[in-house]
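You will see two complexes here that share chain A, one where it goes with chain B and one where it goes with chain C.
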Partner chain A sequence: MTVPILQVRDLRTQFLTDGGIVTAVDGISFDLNPGETLGIVGESGSGKSITALSILRLVPDPGKIVGGEVLFRNEDLLQIADDDIREIRGRDIAMIFQDPQSSLNPVLTTGYQIDEAMLAHGKSKREAHQRTLELLKKVRIPAAESRIKDFPHQLSGGMRQRAMIAMGLSNAPQILIADEPTTALDVTVQAQILELLADLNRELGTAIIMITHNMGVVAGLCSRVIVMYAGQIVEQGPVDQIFEDPQHPYTWSLLKSIPRVDAVRHERLRSIEGIAPDLLRPPTGCRFHPRCPFRIEKCYTDEPTLKEVAPNDMAACWVTMDRARKDMNADELVDIRPGAGSHYRRGELV
Partner chain B sequence: MLVRVEQVVKHFPAGLGQSVKAVDGVSFEIREGETLGLVGESGCGKSTLARLVTQLIPVTSGKIFLGDVELTRLRGEKLRQQRRQLQMIFQDPFASLDPRMTVGDIVAEPLDNFGVMRGRKRSERVQELLRIVGLNPNFNNRYPHEFSGGQRQRIGIARALALNPKLVVCDEAISALDVSIQAQIVNLLEDLQQKLKLTYLFIAHDLSVVRHISDRVMVMYLGKIVEVADSVGTYSDPKHPYTKALLSAIPVPDPKIQRGRRLVELSGEIPSPIHPPSGCRFHTRCPIARVPTPCAETEPPLEEKVRDHLAACHFSQDV
Partner chain C sequence: MATASAVIQQEVIRPQASLWSDAWRRLRRNRLALVGTIYLSFLVVVAIISVFWTPYRWEEVGVAVPYSGPSHANLLGADNLGRDILSRLMAGAQVSLIVGIGTQIVVLAVGVPIGLAAGYFRGWLDSVVSLLISIFYGIPDLLVALILVFLLGPSLTNIILAIALTRWMDMARLVRGQTLALREREFVEAGRAAGAKPAKILFGHILPNALGPIIVQATFGIPSAILFEAFLSFLGLGVPPPRPSWGSMAADGIAAYQIAPHFVLAPAIALSLTLMAFNFLGDGLRDALDPRLKR
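Take a look at the complex of A and B:
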């Protein structure tokens, strides 16, 4: 049995807004095993980025972590002193972000900024400098010796993201959290960055948490996936299983709503009706029920919890796709309405 | 043939007597009732091309025809009248709707601009337009901020359809939306095309969406069209190494397939459109280029390689 290096337990993060309290992350729990590649997918507002930020206590104001535990090496990262979490950030758990442009300081050279990440954790200047050069080569920046002196604006988007990854890896962290690292990049560059991350994971054994909205990215890089909706985990399991036979109607619909470049014939996309719920007033019962084609009466009132619905597959659903297929003709369900859909906004039927 | 583009060039001044060759000698046709997809990475000139086709910006040289009318010769009122046939849907549903106008006024603005309808007829038309894009027709008095991204994009579509255009140019029309909402809009565009016999020029960087919605797909690289084919041919049998690389880079949401796919890696970066490479513009990154002869010396013409499948490559048989 592998011992997880990171255990998230019942994490809750809230934002106090003018309209009231928004619970962006609402009681989520998961484990990360050493050397694992874990994908967290979801659409905007699902809470995937806030989950990542909460792990390192980087939630921006007015956000607040209000409950739960993040256990790393038998310590609760949510309880330790500010100085201690600062030690862990960048050294044991590093993070890279979507926009490498705004993550780098424009008036300092890229090399210096990578040095800095190591100086902060006790390396000497000379050591740091040497390692920066090594790292830039490792993330395949061509002519690293001269690029090390470049300012961020002299690098392309892909190169900047490589530099960010080099910075993330500089202290040989056990965990790298990547928050939509390829979303701002062109597809050919995205593919290169994903290959790089996969190689680094294999070579160095760094565990990766990949936050993304792109199911294809998860399919290529991750071994396990967590699907989030409206601040909660709706399904989790090994990628092979979740992609082949998803049990939560949201996961199922999401996979059917993306056109595939390798499709052999034109099939109408399955759109998910309505829009994501307003977290100021989340729906009662299952949060997905207003948009779910397979809802039953119980879904309106009772909140489902994650349970094993198939071997290795945890889903929070009263119905599950096995039953929807058997009793509700799920596979024949085709959207025939124009552009599909009644639209919900703040609970009213539009 | 609805639109014919002949040797169109668009250069933007870049100071010091230099120019950005955003679109550099492009010819193609858009057939009536089809969806022509246009893909390429950032900076390839696809959005500039969209603006040229709709004549929002003038060409540097070349000709664009809408039916028998040469748009590039028209100015002022005559061009304005032609624009009724050419409408555009934009990427950002937040920036492309005036926050101080009601949805009804936004959708009716094209009608007002051309003085087509007034009074009751106008409001009936607005309600009809809202209905066909799947919005509640009684929402004409609401403001854009009251709607979600997907709904705003529907408003943008309703506005584009107000004057019964022949060609609708969708410039990254779904790129800013969440996946589940993208599917709603793609399906809506497909339904509207059938119902209203529309022709689309559908521009996006996401080849899987473009392929899904398009009858034919056109691939651009650094201001040039490198390949045009029906959407099946582009994928199953690409004739240009750039198309092949682009396809290999798109992740497929199926772990078993995705793990077995091989990435065609392109060396280096996209060159500057101020000083594009000699000969074939792709030769600096091409995995099969023969340098210097012919790839760095002779520009390959965009020609038919197999029936209805055009590519600009000296060695398309080796792709």
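Take a look at the complex of A and C:
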């Protein structure tokens, strides 16, 4: 039994808007083991980025972390002093962002900015400079010696993201949080960046939390995955298992909506009908029920909690795919519109 | 077709320039700004020379007949006390430049940190700063300057402080606005995520990105301060005599404009040219440093 390096317990982050309180992260709990690669997937607005930002207390105004714990080395990161969390940022837990174009300061050279990440944590100038060069080589930036002196606009998108990763790794953090690091890049570069992250994870043992809306990214990099919907975790478990046999209808729908090159028949690509719920007024009961093909009456009123639905697989669902399959051949279900599967057994499962 | 490919070639071949060398290249292409720069360089040289040498000593009375016009001995004529106007004009350049630049140094030293802090930390600090700025805008410039000069006495330092006190708000407001916009940029968030301290983020990340507008603002602030000093001196509240200032020279000269027009014209023209040169330079810098006007 490994001891987790990061434990998130019942994390809640709210935004006070003019329209009311939006609970962007609503009671999230998960563990991260040393050296693990954990994926957090969800649609836009599911709260995955805010979860990541909450861990480092970087939630932008008017957001506020209103409850929970983030335990790192027996300390609650939500309680420690501002100076202490600043020490942890970048040194123990580093973060890289979606758009490397805007995450680098346009008026400073790339090398200088990587140096700076180390100077902030007490390395000497010479040490930092030397390590910057090593890092740029490690993240496979060609001609690193001259690239050090380049400004961000002189680098390609992929190189910029490599530079960001180099910056993230500069203090040899235990955890690297990557917030959609490949979204702004084209597909071939995406693959290279993912490969790089996987290699670095293997070589350096840095645990990675990969925030993404792309199931393919998770499949390529992560060993475990958390699926978020409307600020809550709906399913979590090992990637192999979740991809093979998802238990939550949302996960199942997400996987169904990935275009596949190896599709046997000329199937229509399915998309999840409806839109992500308005978190100002979240749906009653299960938050996915307005869009769920397999909903039953209980889903309208009672909120499901995470429970083990298969070995290692936790899902928050009253139905689960196993039972949906038992009642009818869910995988044959062509129509995945909300409630489409329900009429087969409305009321039976309640 | 040929020209298009030539243009493309040129674009490709043009060496990757840093922000500043790029701006310098664009500034040089601006004729007026170039003329302004040349004039100002000349003025600076004259001011420096005047510290060590002027045709006559600028305080020496009776080197020529009072109110006498331009001659070989006195190129710009003499003033009401028979002092050499050219010598006084040269020495007056010192005052103008010191006041202009000195004021902007004070304005930068006050306005930039205040603007940065207010824009970055927001909250009560921003409210207090914004209120203070509004109050200072509400009080007439002249009143503030007059009161301060009366209280502290007329000296070069006090005049610089008095003018800066009426001019810091523009800079503070500009920097605050820039900071408000820049703090939302991702590289600031990335900096915070990397554990950078607020001072590092403010001066290392936000300030360098706001430097363009700050430089332009400071450049426009110099002629404004020079004019204000001339105005104060014109009213007799400026640099204490006998030290020449273009403003006090003009004040003396205006009394005798009918018999000795050169006496008022010399400082007036010098002042106008200087103000114009700074404004040309400011315009040029604004165009050169604004990435949206990139040509």
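Here is the rule we use: the second predicted complex is superposed on the first by the 332 of 350 C-alpha atoms of A that agree within 3 Å, B and C clash if a C-alpha of one lies under 4 Å from a C-alpha of the other, contacts with A are read in each partner's own complex, and residues count from 1 in each chain.
By our rule, a contact is a pair of C-beta atoms (placed from the backbone, for glycine too) under 8 Å apart; a residue touches a chain by one contact, two chains touch by 3 or more.
Keep in mind the model is a prediction, meaning the values are calculated, not measured.
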Chain B versus chain C as contact partner of A:Thr284, first or second or both or neither: neither
Chain B versus chain C as contact partner of A:Gln7, first or second or both or neither: neither
Chain B versus chain C as contact partner of A:Thr183, first or second or both or neither: neither
First (chain B), second (chain C), both or neither touched by A:Ser103: second
In the superposition, chain B vs chain C on chain A residues touched: B
Partner chain in contact with A:Asn33 - chain B first, chain C second, else both or neither: neither
Contact set on chain C toward chain A in their complex: 16, 18-19, 185-187, 189-197, 200, 204-205, 208-209, 211
List of chain A residues in touch with chain C within their complex: 56, 58, 60, 86-91, 94-99, 102-108, 116-117, 120-121, 150-151, 154, 164, 167
Chain A contact footprint on chain B (complex, rising order): 41-42, 132-136, 139, 146-148, 150-151, 154, 178-188, 190-192, 205-209, 211-213, 235, 245-259, 263, 265-266, 268-269
Partner chain B, residues of chain A touching it in the complex: 43-44, 142, 156, 158-159, 186-188, 190-192, 194-195, 213-220, 239-240, 243-244, 253-255, 257-263, 266, 268-273, 275-276, 335, 337-341, 343, 345, 350
